[in-house]
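Here chain A shows up in two complexes: once beside chain B, once beside chain C.
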Partner chain A sequence: MKLATSKADLLAQLGTVSRVASTRSAVQALSGVQIIAREGAVELRATDMEVGLRVPLAAEVEREGTVVLPARLTLEVVRSLPGDRATLELRPGQGDVELVAGSATFHLRTLRAEDFPPFPEPGDGDASVTVPAAAFVETVGMVARSASRDETRPILTGVLVSASGTQLRMVATDSYRLSVKETRLETPLAGPLEANVPARALQELARIATATEADTLSVTVRDNQVVFAVDGIVLSSRLIDGQFPNYGQLLPDSYEHELRLAGGELTEVVRRMSLLALKNAPLRLRFAEGELTVSAQTPDVGEATESLPVPFTGEPFEIGFNPDFLRDGLETVESRDLVFKLISPIRPGLIEAADDSGFLYLIMPIRLNV
Partner chain B sequence: MARIAHLDVDAFYASVELLRRPELRGKPVIVSGSGPRAVVTTASYEARVFGIGSAMPTSRARRLCPHAVLVAPDFPAYRAASAQVMELVRAQVEGVEVVGLDEAYLDLDGLVAPRAAMRRLVEQIRAHTGLTASVGIGPNRLVAKVASDAEKPRGFVVLSREEACARFAAASPGLVPGIGPKTVARLEAMGITTLGALAAAPEGELVVRFGANHGRDLRLRAAFQGTATITPVRIAVSESRERTLDADVGDPARQEAILRDLAEQLCERLARQERRGRTIAIKVRLDDFTTVTRARTLAATTCEAGVVAEVAVALLRDYAPPRPVRLLGVRVAAFAIGDPPVTDQLALPL
Partner chain C sequence: MRLIVARCEVRYSGRLNAVLPEALRLLMLKADGSVMVHADTGGFKPQNWMTPPAVVEESPGRIVVRKLKDDDRLDIAITEVLSDVTHDMGEAAALEKDGVEADLQEQLAAAPGWCGEGLRLVRREWPTDIGPVDLMCRDPGDGWVAVEIKRVATIDAVEQLTRYLERIRLDPEKAGCAGVLAAERIKPQARVLAQARGLRCVEVDLAVLRGEREPDLTLFAA
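Our next item is the complex of A and B:
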């Protein structure tokens, strides 16, 4: 293998692909990036066996071939290179790649190419669905934070992605909160979609799609994997086994209180009060006639209290929330007005965007002992 | 001199049972499970007359005293009674180290009249709970412990170290905590049959026989030399429940049911103490006494029986015991120490 490329392109594409290279696999090749030079084109690949990424690289191929180089080290080396151009050449006798840029020469030992797994090909058009990239990325961004990071319940580490007609919907829950976002698409999709995709893969895809500024991305769902393609970059991911919880039945049928709040106002208060809700201490929301008092208290650290007017009527009550979870929900609504729906201190609360933008955030309280 | 008190509720489990069932008063009562491998947890003083003691196999106790009344243990009731007692103790004394449901070491430093305070405490416990307790007071934990045992029930013994040495000089070395039956037998083989003889034994001889540390330690114990430190909160690193099965169980479904049951008991206690752990482990002893433990660490702490049970059952399935099982246990460890105990995050029913 021998190729020549611009340093800037190489750095950008290596930076993208290296993010999915494994950092702690027993198989050394998985910590590597595979460079494939074939038929005049170059592709960089990396995978941790769950998520795989294929990124094209503009380069002149002098000799075809495939090598696997340690991802992190190669990235550091390329970042440091002098000049604008770089050449990479496999030296089979030495088992290394000679990387030359300006007056600098590096010899990087290759990793075992045989250990690098084969990659799925993107859809051949039959089962693949084209989705507007901006709508997809926005939807991911509004729910992915609610996905669980607890590997003991794998099903909750995914985002349920479903779409049909002009509706795209994503759902995620870690059992403490549940995010649902329904996004209306301008044109109907070619076909329906339904897959439980690891949140990590979607977050990576969102990052890539944002960076490439592509208009559309394509989604191909297979038996146990999903393949996304955006602007020549292919991201594949294992799908999560099992049935995603039937979230519809978790949403209460009715609420005791429905409070319409001005955009961002509660968010600001919650951000401030959260500064003193440390070490798992709950944020306390005390509702009384016309007023909400938010307070936090951490033993040996201090307390904070702030009130704001709210259209609350009825019997006063106090409810506790994990400050991070509450903030996540409020920040997702951003500056839009929101409706905060509550039942009792031990029933779920619902934060809803008031503009019919199709965002729901169900949050379970913390039981307050006092 | 009076720095440490040891307070021990008399025949605790049996006494709690007698309070609830006065008709058993004056009769020999044994608190114990009823299975073939059960052991006595407590015997009333009437039963102790027949030579019945704690940890004796229940089958043997029944042979010793066939007319003894067997009562199944009711731990929730014992815990409730214990909490009442300890609350009274803490109201009187600041430094309290609870070492069991029915025992505590108390730091008497700073009390104006420690003996009077202890007498008052015992009287309060009796008035409030109906339970009697014995108290030993001494310069260190060892003296206090032996003194509280010396005149049970309703004992109240105050000893200096020298007095303890003199009083128990003729007693077997096994009287002192930390000197077990095996050591007693080895000491006997050396011709040492009393604490007095042990305290006077040449250190060299003990060191040759028991090794440097243990040898020296034996002599110190015999001389009632000990520490007087009270650790007010015992920081438990783990909490477990295990059960020796009445008969070996080969059926995986039965094994899982037992694990779930143990997880529930364990979590009930953790929840009450507002403790949560991250590491869940199981212990499996096969009928050939092969003992295996398996553990898994979660992302977050828990004290939920459902979570603990699921992990325990998954661990059991992974191990798939190759032979019938004699004992099963569940352990929760890696407690979140220092976290405020309040967080009671509710979860969606997923």
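Our next item is the complex of A and C:
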């Protein structure tokens, strides 16, 4: 294999693909990036066996071939290269790749190419659905934070993606909060779609789609795999097995209090008060006639209190929330007005965008001992 | 318990020779015959010591501690005594440890549902020919489930449960026996290995099991 490319392109594409290379696999090749040079087309690939990424690289191929190089090291080397151009040449006798740029020469030992797994091809006879990239990325961004990071409950580490007609819906929950976003599409989709996709894969896809500024992305769902293609980049991910919680049942039928609030104002207060809700201390929200007092207290650190006017009527009550979870919900609504619906200090509260944008955030409170 | 704060030089002879030059030290002579020489630095460990059985011989300005059966000897030359007090310590109460595996086992045996939905206890300390597994349970479908309990589960705990399961599954009736590793904290490496071996990991909170603390509120039972 021998190819020549621009340093900037190589760095950009390596930076993208290296993000999914494994950092802790027993198979060394999975910590690598595979470079496939064919006549007129070069592709970089990386995978951690859950998510796989294929990225094209503009390059002149002098000799075809395939190599696997350590991803992180190669990225650091390319980042440091002088000049605008770089050539890579496999030296089979030495078991390395010679990387030359300007006056700098590197010899990087290759990893075992035989250990690098094959990648699924997009299409391959399966029906693909084309989705507007911006709508998809926005929807991912609004729900993915609610997915669990606890690998002992794999079903909750995914985002339930479903779409049909002109509606795209994503749902994520870690059992402490639930995010639902329904996005209306301008044109109907070619077919329905439903899959529990690892949140990490979707966040990676959103990052790529944002960077490429692509208009659309295609989604192909197979038995146990989903393949996304955006602007020549192909991201594949295993699907999560099992029954996703029936989130519709979790949404209470009615609420005791419904407060319309200026989202930005409450978010700012919660951000400030959260600074003193450390070491798992809850954020306390005390509702009284016309006023909400947000407070936090961490033993041996300090306490904070701030009040803001709210249209609350009725018996005062106090409810506690995980500060990070509450902030996540409020920040997702951004500066739009929101509706905060509450039942009691031990029943879930609902944050809803007041502009009918289809976002729901159900959050479970924390018990307050005092 | 006799506590002497004294300026002294301590010479040890026996398996090797060592000298602690003259300085202010605490000499601790316990009723069980052990003698320890402490400084105000160096952590909890004595600078020198003699374990029982030993003979303590005292003369003006000198304490000699000799092992009965060999040549080990502590020779303490005292130049100044700042304090010399003796306390009757009475009967020593045994150390009571809280939050040990036995507590967890007791609580989980009383409520095996924490280890898996619908589990019911068959027996604590279920014997195998290489040692007992902590809990043997049945799931709602009458399948066997072996539970190994640790305070902190490491890779060793996964290996231990794997070994137990190998023995248990030799019985054709229990060939499908599932394994659960239950602990207050499960190390990430142990979790990875357990999952690779098809073992379930469950983190439990002793305070919640004891009813001292309410479990976290969740939207649904995960």
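By our rule, the second predicted complex is superposed on the first by the 367 of 370 C-alpha atoms of A that agree within 3 Å, B and C clash if a C-alpha of one lies under 4 Å from a C-alpha of the other, contacts with A are read in each partner's own complex, and residues count from 1 in each chain.
Keep this in mind: a contact is a pair of C-beta atoms (placed from the backbone, for glycine too) under 8 Å apart; a residue touches a chain by one contact, two chains touch by 3 or more.
Please read these numbers as outputs of a predicted model, since none were measured by experiment.
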Overlaying on chain A: chain B and chain C, fit or clash? clash
Contacts for A:Arg367 in the overlay, against chain B (first) and chain C (second): which applies, first, second, both or neither? both
Under the stated touch criterion, which partner chain does A:Met170 make contact with: chain B (first), chain C (second), both, or neither? neither
Using the touch definition from the top, say if A:Ala86 reaches chain B (first), chain C (second), both or neither. neither
Partner chain(s) touched by A:Lys279 [first = chain B, second = chain C, both, neither]: first
Mind working out whether A:Pro348 is in touch with chain B, chain C, both or neither, as first, second, both or neither? both
More residues of chain A in touch with chain C or with chain B? B
After the superposition on A, what does A:Arg149 contact: first (chain B), second (chain C), both or neither? first
With the two structures laid over each other on chain A, which partner does A:Pro299 touch: chain B (first), chain C (second), both, or neither? first
After superposition on chain A, the stretch of chain B among 81-89, 117-125 or 279-287 that runs into chain C is 279-287
Name the residues of chain A shared by its contacts with chain B and its contacts with chain C. 151-152, 156, 173, 175-176, 178, 245, 250, 346, 348, 362, 364-367
Spell out the part of chain A that touches chain B in their complex, as residue ranges. 149-152, 156, 173, 175-176, 178, 245, 250, 279-282, 298-299, 322, 346, 348, 362, 364-369
Could you list, by residue number, the parts of chain A that touch chain C in their complex? 151-153, 156, 173, 175-178, 245, 250, 346, 348, 362, 364-367
With touch defined as at the start, can you tell me which chain C residues reach chain A in the complex? 191, 195, 200-203, 214, 216-220, 222
Over in the complex, which chain B residues touch chain A? Could you list them? 296, 298-300, 311, 336, 338-340, 342-350
